[in-house]
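Here it is: the structure, laid out below.
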Amino acid sequence: MRPPLQPNRDTDNTLLAVENVSLRFGGVKALTGVSFDIRKGEIRAIIGPNGAGKTSMLNCINGFYHPTDGRIIFKGEMRRKMRPHVAARGGIARTFQNVALFKSMSTLDNIMVGRSLKMKAGFFWQLLRYGPAIEEEVAHRKVVEDIIDFLQIPHIRRTPVGRLPYGLQKRVELGRALAMEPDLLLLDEPMAGMNLEEKEDMARFIIEVNQQFGTTVALIEHDMSVVMDLSDRVVVLEYGRKIADGTPEQVKSDARVIDAYLGVAH
Amino acid sequence: MTATADSREDTFPKLIVSNARIRPHRTAFRHKDLGIWQSWTWAEVHHIVRAYAVGLLDLGLTRGGRIAVIGHNRPRLYWTIMAAQWIGATPIPVYADSVADEMAYVLAHAEVTHAAVQDQEQVDKLLSVASRLPQLEHILYDEVRGLRDYDHHRLHSIETVIQGGSEQLRSPARQAALQAELEKGKGSDLAVILYTSGTTGRPKGVMLTFESVIAAAEIGCNFDKLNETDEIIAYLPIAWVGDHIFSYAQAILSGLCVNCPESPETIADDRREVGATYIFAPPRVFESMLTLTMVRMEDASALKKRMFTFFIDHATKVGERILNGDVQVGWWDRAIWHLGNVLVYAPLRNRYGMTRLKVGYTAGEAIGPEIFRFYRSIGVNLKQLYGQTEASVYITMQPDGEIHADTVGKPAPRVEIRIAENGEVLYRSPGVFLGYYKDDEKTAETKTPDGFVHSGDAGFFDAAGHLKIIDRANDVGRLQDGSLFPPKYIENKLKFYPNVKEVVCFGSERDYVGCFINIDLVAVSSWAERTGVTYASYQELAGHPLVYDMIERHVDEVNRSLAGEPRMGGAQIKRFLILHKELDADDGELTRTQKVRRGFIAERYADLIQALYDGSQEKMVTTEITFEDGRKGTISARVKIRDMTLHSVESGPALREAAE
Amino acid sequence: MDILYKAFVEPFLFMSEAPDLLLQTLWEGLVSGVLYALIALGFVLIFKASGVFNFAQGIMVVFAALTLVGLYEKGVPALLALLLTAGVMLLLAIAVERIVLRPLVNQPDIILFMATFGLTYFLVGLGELVFGGSPKEMIADALYLPQGTTELTLLGGPVRFQHLDIAAAVIASIIIAALAVFFSRTRIGRALRAVADSHKAALSVGISLNQIWVIVWFAAGIVALVAGIMWGARSGVSFSLQIIALKALPVLILGGFTSVPGAIIGGLIVGVGEKVGEFYWGPLVGGGIDTWLAYVIALLFLLYRPQGLFGERIIERI
Amino acid sequence: MLYREAGQFKTTYFSDMAVFRLREDRTGLAVVVVAAYGLAFVGTDFLLQAVLIPFLVFSLAAIGLNILTGYAGQLSLGTGAFMGVGAYSCYKLMTAFPDVNVIIWILVSGLFSAAVGALFGLPSLRIKGFYLAVATLAAQFFLQWCFIRVPWLVNYNVSGALDAPLRTVFSIPVVGATATSQARYIVVLTLVIALTWLASNLVRGRIGRMWIAVRDMDLAAELIGIRPLQTKLLAFAVSSYYCGVAGALMVFLWYGGAEYDVFNINQSFFILFMVIIGGLGSLIGSFFGAALIFIMPILLGIILPALLVPFGLSIGAETIEHLRFMIVGALIIFFLIVEPHGLARLWQIGKQKLLVWPFPY
């Protein structure tokens, strides 16, 4: 499904490094000394059984949680106590396991919100909706329409997202993340609760995003076949610890992974 | 201004040049894309087409070559036709929903070297039959989605071809060469080959010259006084002659604007947004619009429903007469009609996207008189015309004020009509075709030495000089007892009920008339919902006794009306059955234009026909079906057969020839 | 410097110089604190069981007091009037459940909140229509509420204890204790608690949600009646009383919306804080600061601890 | 039914993003605006002074609160006080610089209100929902206390009340005892139209989307790079600006002077009510809400006695007042039950029905 050759990929180029990260809530240890890296342009999967700390890991990366210990280096800069909006400004976008869309807004507006960071027109132009404000609005609308076209959702352009079926909501959420033109795209179970056709579409979108725009993707996914097809490298977590890290082939044949995860799940 | 082609502008490319000169800033094309109606003026189109033509030359398409055009209505596909014609190549529009096999036949038969297609779906189709198309060199596509990773040796995006051409055009030499190509084109050149998916046999390529297409377009433009302010929505297959004449030829000739919808699924919304002034559609479009109207009104509140019914009834009474300018209509009736116009008719027209409509045409098949009158009664200037691909559409048209639901009008301007001995309609006009591509035998069969064309339809002129078409000339048969059996005529009567989608009648050389009926899923499922009939599948619904009862009532009414017409009384339906599956073009039961393929059906369902005539009450059948993705499967059903009590035939003149 | 001295030194000097006045102030704060707690309790009852923030609690206090006084003025014996008033509160509870809550079930909180605002308007109109808009005297005598004052010399000065205040504190404590028992020891009380956790759980106890609503609204009505008698006896019965209901808001903020002990402690903090602040710091800025002090206390507290005194720390998940 | 959307297609994003995408809506709006100005010349003093001016003032305040509560999702019970800040600052500015056009001061006074609003909005970063209401209640009571206790605010006026000195625009009195209701009405109407237009620009653009994002899901909003505090504070400031201007208009162009207690908590509730009944997150809803809550009681005051006359009942003004309260309270509950999303939703549904007429959907 995936061409083996990735010509535009600089494999030595680390975009994000997680070093020895631990996270505790009171007495509960969500993560313990996890280290791995994400390279520019790759699709990195994080897998593991339920409660392995995958979502907590993503939450640490984009500043929603702050690691109790260890450090996260993004684009060569150390980040420990970073607010999520700072992470967003730094180029990290994110989708969620349970879809975190703005329910009352239309698809169009949801994706437009994703452009907020790129919009610069000042308050007074906004007030008049004139000059730079409206020019900017039109320019970004064009970008948003391209995303809508890319995700094949023109028919729901004006539908409030709260009324959309789950699969489409996930697509809109991806659209909103893409609108941020992120360097690193974090996807938390992008295919959960989808039927086969929707999964195939979503997989195609992820690959196209990765290849066309060179966006680095880190994703959590349960469906092993998807992970193996999609990702360049896989990190396996169990009970908040890393138990394996490597190409899908390596991970697949790792004894601990088979024990901890594959053996259980299948 | 009415369009009359300058004698020098005898090809479409020349007309485009003149449009760019006369009306450079008028909008030529619109396409709903990325949320808005992207627009191109004639000047822009002119520029693009020139660049495109150069690009095509560079891809090896030359004078006398052939390029297939496959896809839904997209500006770039229309521009492909323009660009190809500019350099003297012949465009061959192909039905977008043809399965790969059909497409392979047409492309191989036409020996195309190039194909311009809409998207990945069509590219995949072509690649899947590439081995049968050794002469196909290049494929051009409009939408890049999904095609990025394909091998681009023989694959090109139309956009880049145009860009390449545009760059080439900077050189004066290329400009001059292009100008020369334009001037080389002349009216007698082959403009287009349209493949008709005839009701029998393989498609035939109808060759039309610029002269005939332009002449035909002129007939239409002058008849309805079309000009550059008109808007048409292009959503019918580009391979259909109707679309080619209306959305291509007439658009270029009169400079009107062609609007391409976003996708086939959004056509209803797009049609409403555009609010075309000029439309052309086969009867089924109007039928399904009316069916949807009725279905929706079923869900309206009681008060609204009563209001709707009241005003629609009133419109049925006087609306058509008001539209025809009948001065006899009383002021009170007029007042009520106008009140209805405010409350019902105008809003309805708005929902149909017909608010700005000047004139609409329906053709291709007979339209139900009720449906036809419905639209006219609510103030839609709908007219019928009778046409054929071989005539570049126009044979007869309905002039304003002389519109009758059951005739197709008077001969169109510059068209001569002759009724043959056997009732067949023959015509001659400037629009008639050159011949069938690579089929001289067939051409000779169809075209008489003096230039008349056999239409294949039987018909007659009524007292007012309007042509009435009964049936395909070859299909009008006789029962064993010698009574006349015009299957289409009977079928159409039945099809005018919203619950009936398709009918196939049998009776030629038999004792009585029997028929297959296809129910209309939209109408019948809505009826089922209201009456509480539950069903799990189409098959179950079709076999439901209550559905049978309902259809039986319709058949009885048709029989009664047939009995009322002396010549037709013998053709009453004695036995019928409801088919367990929908007739489908993918299974070869319908043509791509949704016409019934009688012979094929008779063969395929021979068992059922036998059952119709051997008196059995039901029959077990197994049928092979084709899924959308091309996979095959089978379904089985026990199909029941109903007997009808026939109405007594009124005594009248002995049976005579249908066509006079 | 002078300002700082006046704000941070002088009041404390004053306190230590005249401890009797401090005691007096604390006592008064305590009494109004208990009454705040009583009103807050009405909110808590309803909020716990139905998730409704009942803005009408304040007007229910006034309405109950008005009804009682009005009936007495019409010649109904005091104790009978008390019973009849309780009956009126029951009718009100039933009507609210039928007409307001039932059709609005599953609506967002703000909508239910606004509905209780509509209820407030309605009750104001109804109360004034039936009993007239002018302030009335609470029938403290007829209800055998003690009158008079006891003056004790404590900490070197005279401290006055109004008998009514003592009675108010006692009665409020009894009511609060009774409610605590009701919640923890009776079947209905347990069902009420269950309903706060999950509606299904309540159904399994065998009590319908609608019944529970009636019960809590009735209980809140009784609490309102008691609060109305006490406040009324202290400061007369008028519609301006409903403003004290808003004081319940900071009380609730401090104590948490669902906690009975929280309501009590919050009430005391607000009552005492308000009185002490007004007495010692009020003159500094011109007095009258008890109108807003409670809110500012609650606000500052919230900034420090957004989940309230007894609320659990919220871990945000997404 | 009235709509003819066929043929009204958009060929640019600019036209596609217009507020009123359909010609019929634009025409309707134009008719309403023209009629509103027309009323200035045909309306009676009672209609202008006692009905329309207050209606417009309340609409403006409701727009202000709607921006905060409806769009940005921050509940506020301090509207009355923010209106007061506007009124008192306008008074100070007007009396300190009597030569400057009063309209400028009305507009500037909103800025003071905006600053105070933003200050009291600071806790919104940590406090949410009903809890935030306490912060705004603190503002309400604290500011109201200031109005009483700081005599400087009323220029040490003995009565402690605001009065309206004579001020003119183009030498026509618009503030003060000699201002005609016609002149006042035109000024108020013009300001309300202009400010509504600006608000509609704001809520449809980037800022409006950010507000709604914060309202719908503030965590997700933060994760796409929206700074929650700035966004909320901006909402507080803009909202308070509108309330402040409304407060200034209320005192100087409607009442012609006022005491501190017009800015009490009841005023805050009154306006919150208009917003809820009108429809959260809808500008037009603010007008509907103001109309229902303010004008309906007036109508009831007129209609009720008339209804009772045939039965030989005559009732005192007080009783009518009480009945009005009851009916308003009952209607509020009724509306919440019938359409919890407010009159704006009913309006939208009605328009949709007209659009698809005669079809039901």
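Labels A, B, C and D are assigned to the chains in the order they are written; within every chain, residues are numbered from 1.
Here is the rule we use: a residue touches a chain if its C-beta (ideal position, glycine included) is under 8 Å from a C-beta of that chain, and two chains touch if they have at least 3 such contacts.
Nothing here was measured: the structure is a model prediction, and the numbers come from that model.
Peer 1: Between B-D and C-D, flag the pair that has more C-beta pairs in contact.
Peer 2: Comparing B-D with C-D, the pair joined by more C-beta contacts is C-D.
Peer 1: Using only Cα atoms to place each chain's centre, name the chain farthest from subunit B.
Peer 2: Greatest centre separation from subunit B goes to chain C.
Peer 1: How big is the gap, in whole Å, between where the Cα atoms of subunit B centre and where those of subunit D centre?
Peer 2: The mean C-alpha positions of subunit B and subunit D differ by 57 Å.
Peer 1: Using mean CA coordinates as chain centres, what's the subunit B-subunit C distance in Å?
Peer 2: Once rounded, the distance between the two centres reads 77 Å.
Peer 1: As a quick test, compute the distance in whole Å between the mean CA positions of subunit C and subunit D.
Peer 2: Each chain reduced to its C-alpha mean, subunit C and subunit D end up 32 Å apart.
Peer 1: In angstrom, rounded to a whole number, how far apart do the mean CA points of subunit A and subunit C lie?
Peer 2: 50
Peer 1: Check each residue of subunit A and list the ones that touch at least two other chains.
Peer 2: Answer for subunit A, listing residues that touch two or more other chains: 64, 96, 100, 141-142, 145.
Peer 1: Mind pulling the residue numbers of subunit D that touch at least two other chains?
Peer 2: 12-13, 16, 219-220, 223
Peer 1: What positions in subunit B touch 2 or more of the other chains?
Peer 2: Answer for subunit B, listing residues that touch two or more other chains: 35-36.
Peer 1: With touch defined as at the start, can you tell me which subunit A residues reach subunit D in the complex?
Peer 2: On the subunit A side, the touching residues are 62, 64, 83-85, 87-89, 93-94, 96, 100-105, 109, 112-117, 119, 121, 123, 126-129, 133-134, 136-138, 141-142, 145, 176-177, 180.
Peer 1: What residues on subunit A touch subunit B, complex-wise?
Peer 2: My answer: residues 3, 108, 141-142, 145-146, 148-150, 154-155, 157, 204, 208, 211-212.
Peer 1: Please output the residues of subunit B touching subunit A within their complex, sorted ascending.
Peer 2: 33-36, 145-146, 148-149, 262-263, 265-266
Peer 1: Could you please specify the touching residues of subunit C with respect to subunit D in the complex?
Peer 2: Touching subunit D from subunit C are residues 53, 99-100, 103-104, 107-111, 114-115, 117-126, 128-129, 133, 243, 246, 249-250, 253, 257, 285-289, 291-292, 295-296, 298-299, 302-303, 306, 308, 316, 318.
Peer 1: Can you name the residues of subunit B that touch subunit D in the complex?
Peer 2: Residues 30, 35-39, 231, 272-275, 293, 296-297, 299-301, 304, 307-308, 342-344, 346-356 of subunit B touch subunit D in their complex.
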